[in-house]
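After this come two complexes, each holding chain A, first together with chain B and then together with chain C.
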Partner chain A sequence: MSKFRGMFKTAAKENLAYKFDMMLTVILAPISIIIFYFLWKAIFLNNATGIIGGLTFEQIITYYVLTWLIAILTWTDIGDIISYDVKNGNITKNLILPISYLTHCFVYNLGSRFISLFVEAAPIVILSFIFFNIQIELASLPFFILSTILALLLNFLMTAVFALSAFWMTNNRGILKLKRVFVHFLSGAVLPLSFFPLAYQKISFYLPFQYLEYTPIGFWLGLYEGNQTFIMLGMQVVWVIIFYILCLLIWRRAITKAVSVGI
Partner chain B sequence: MNSKIKNKNIIAVRNLKKEFKEQKRGSGIKESFKSLFRRNYELKSALKGVNLNIKEGEVLGLIGPNGAGKSTLIKIMTGVLHPTSGETDILGFTPWKDRVKYVSNIGVVFGQKSQLWWDIPALDTFELHRELYNIPKDEFIKRRDYMIEKLGIQEIVKKQVRQLSLGERMRCEVVLSLLHNPKIVFLDEPTIGLDIIAKDKIRDFIREFNEKQNTTFIITTHDMSDIEELCERIVIINHGGIVYDGLLKEVRNKFAHKKIIDCKFLKKVNGKELKIKNCNIIAKNEYEVTFELDTKNSKIPDLIYFLIKTFGEDIDDVDIRDPPIEEIIKLIYGLKEE
Partner chain C sequence: MTSLKQFFRVCRTNIALAFEDEMAYKAAFFIQTLSLFLGDLVVPIVSTLIYSVSAGIPGWSLYEFILFQGTLIIVIGLWHMFFAGLLGETINSVKEGTFDKVLLKPFSSLAYVTSRGFDLDGIGEFLSGIAIVVFAMFKLKFALILLIPYVIAILLGALFEFSLTVIASSFAFIFVKTWRLYEFISALERFGRYPLIIYSEGLRFILTFGVPVAMASYYPASLLLGKESLSMALIAAIPVLVFFGIALLCWRYAMTKYSSAGG
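Take a look at the complex of A and B:
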């Protein structure tokens, strides 16, 4: 446990090292949300019904704020880290530490998320409560938190699976970009799933993507009732387990491929 | 001399081989495009069956020219690389199989790759290692402060690592590698780019740590003075195999059949008088001549006899010495693969 604590604290310290960068990060999400606010305002002005894709203007704004929130809380740069470590031979220095490489990356990721919780997520939530009148049922909050943690795990493991291709390809930035674009779209981060064709809405239940974004947002919005709550959480757990096993299997093959440049 | 070397082997490497697939291609934009469609791979043997035993408490110098395979060997011994075949037993572990457990027992410094976190002070990385290696707090503080004082880096460890000079950073790296009191320490180029005082500090420090804790050190370096100051035994690697494994002082006897003789004269000497069989002149000015004698074909007394006979009282001084170790190592590196 002390290993994790040490890694976590170090990640937090590293994330706090640059003051100016952090200040920029704080205002980035609010700016983006404001732009989005005016964009959708313009779209709704030309719509007589006041409903698009089954959502009202307020719901769309709420949805968009929440995608930002989830994106921040579940964000991971493990893809870039693994790519960089393998390509530059940096992996060497991580492999001589008495902690498994992926665990090390994950705890580091958690540490940086912890800082983001205060620096990035909190301002968004506060601003949104004040200006956009966003609300949450207190009863939904525990499920939202649980679902977000599962989304964080799933996002990390899924990205790791793709990122480990670096051991075979050395430069895998193309794969990572492709994955990012697809997953970003299919997870519901760009548009709510209710905008998608009905066929995809049905299939998406069996695919891992919506459990990264749409599902935690759904918990906040109170979309799931009764049994559905546990079915959705259960699906998240199943996908976490599947990607965990995949990750371990690929890692075991990958590590025998490690060739680092120079020393 | 370290009298504490016991006969206990702690590193045993058996017939270790490592092969790499290496991409073959030409340079230039045309070749780059070509390589998109067709690639030629070549199998390169980095290690061709290495055998090595190291005893507890030894300070071993591992040397070899660039690309000889020493990095590969170090990486396999530190658990980073998987070999193609062969066995390695270090402290009862197979490094690449029991990696996470094994590495708590070793310390590693890669001179060219920092182990320290870049954006925070070295002290914070020390703290991280305390938790990663589960070092008891009082023991940790005692050892850390002792090492910091010994290396004179009280102020340096409080600065962000990215602001440190190479020499400052290197001292922090050495401390970091020893915090958990490892049984074996691998130092790769620990004094690279350091000034003489910094080098001395690190060497003294390594020597002392070795004597007090009986820690085993394996040092790779291109600086022969590191080796001469620290190591009794050296292993020379070339072309993926070990070409010499033995005492440093015996390298000369085995590979060098030369003596250097510096002569000073009281009068000017010219080239004509100095033609001696089996003896080359490697440096010369009006009053001084340096000879290189091949001891296989000629004897030192012959040369001295000749000098006295020819110059007699005009000789001011004669100094007979071994060629510098660098020369011998250069000779060994230059040897063709058998």
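Take a look at the complex of A and C:
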């Protein structure tokens, strides 16, 4: 355990060195939110009803602020790290660590998110409460936190699965980018799922994407009641397990590949 | 005159080098281009979803808005291909101390570094923008003759984006580690993602005459669709040229401030 604590601390300290860089997000996020505010104000004024895609104006602004919050809290650079380590052969150095390479990366990621929670996420939420009048369902806050942690795990594992393609390809930037765009879109990070065609809304329950964004946001907004709360959390856990197994399987094959080329 | 000819030869060589570089990994380049191409196609899908549940942006029909977004993607693609590399080239060469060599060349330092930053990755975005615009054009009525000012306005839009990059790169001389300036640029660009109508009067004025982001998307699209007159677009072109002038002055100032790493 002390190994993990040490790594976590190092990651947190390392990220603290970039606190001014991180604070830039606190300036950039509100700019995006302001533009979004103008956009939806115009769209709502142009609309006869006060509800679009099942959401009121206040809810949609809250939704957008939350996409920022989730993006910050579940952010991972595992894609770039794996690609970089494989390309430069650094991966061999990491293979001799007393803990697995992916666990090492995850603890590091956790450390950086811990700092972001205070430097990036908290100021954005506070500013949004003051200026954008965002709403919160306090009773579901514990579920929101739990769901966000699961989303972080899922995002990490899913990105790792795609990033491991680096072992087979010389340059996997393209694949990672494509994955980012489509997963971003399908997870509800661009638009709430209630804007999507009904068919997709139904299928999305069985797909992993909405559990990265839409589900944690849903908890904050209090969209889930009774049993649904546990069904959604359960689905998140199921997808985390699936991607964990996938990750291990691919990792095993990837490592033999790395050894076979002699690095 | 001969030096201009020489410079074009250098540009050609630099572009050819960039091609060779990418072609070393043909499959990776193909996937990268394809993913940028597909990634941008998400943009019109998002707009279609918004328009499917609401009346959309006042004064802009769905296809008009798609044309607007496609235009912006073309501008970004052009910028990505020809100008975006400038910042990275500047930061790297200042850091490594190789910028001194640039100063020895018989060409303008800005033109030379820009030509070295040529990035083939932009092609995917550029083509995607063209595909989106052509798709929208089939659904819309416009006077063919207006395509001429449309293209000119697009080039002016790219000039504006270039100016922003020049300013960011000039800062790179003063504070060497300024990668996050990129994010400032993209935050400013975000204001250009939607038609001016959504903003307040004051903001509209600033986006046309202060930091003329509107030239990157709003003015070309509005000209083509007859939403803005030619004379208004001509007036809006002036701040773009002034902005470019300011960018050149910034670069010149940065050159006087540049003291080599001493290598």
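What we mean here is this: the second predicted complex is superposed on the first by the 255 of 263 C-alpha atoms of A that agree within 3 Å, B and C clash if a C-alpha of one lies under 4 Å from a C-alpha of the other, contacts with A are read in each partner's own complex, and residues count from 1 in each chain.
Heads up, the rule we're going with is that a contact is a pair of C-beta atoms (placed from the backbone, for glycine too) under 8 Å apart; a residue touches a chain by one contact, two chains touch by 3 or more.
Bear in mind the structure is a predicted one, so any value in this text is a computation, not a measurement.
Enquirer: Touch check for A:M169: first (chain B), second (chain C), both, or neither?
Expert: second
Enquirer: Report for A:I96: first if it touches chain B alone, second if chain C alone, otherwise both or neither.
Expert: Only chain B is touched by A:I96; chain C is not.
Enquirer: What is the contact status of A:K13 with respect to chain B (first) and chain C (second): first, second, both, or neither?
Expert: After superposition on chain A, A:K13 lies in contact with chain B alone.
Enquirer: Which holds for A:K3: it touches chain B only (first), chain C only (second), both, or neither?
Expert: In the superposition, A:K3 touches chain B alone.
Enquirer: So, A:L178: does it touch chain B (first), chain C (second), both, or neither?
Expert: second
Enquirer: Given the touch rule stated above, what does A:L28 touch, chain B (first), chain C (second), both, or neither?
Expert: second
Enquirer: Once the structures are superposed on A, label A:L39 by its partner contacts, choosing first (chain B), second (chain C), both or neither.
Expert: So A:L39 only meets chain C here.
Enquirer: Spell out the residues on chain C that touch chain A in their complex, using ranges where they run on.
Expert: Interface residues on the chain C side: 25, 27-29, 31-36, 38-39, 42, 45-46, 49-50, 52-58, 180, 183-184, 187, 190-191, 193-194, 197-200, 203.
Enquirer: If we count contacts the way the header does, which residues on chain A are in touch with chain C in the complex?
Expert: Answer in residue numbers: 21, 24, 28, 31-32, 35, 38-39, 41-48, 52-53, 169-175, 177-178, 181-182, 185, 190-191, 195-197.
Enquirer: For a test of understanding, state which residues of chain A touch chain B in their complex under the given definition.
Expert: 2-3, 5-7, 9-10, 13-14, 17-18, 89-93, 95-100, 255-256, 258-260, 262-263
Enquirer: Within their complex, state which residues of chain B touch chain A.
Expert: By the definition above, chain B touches chain A via 20, 71, 74-75, 78-82, 99-101, 103-104, 106, 108, 110, 112-115, 117, 119-120, 124-125, 127-134, 160, 188.
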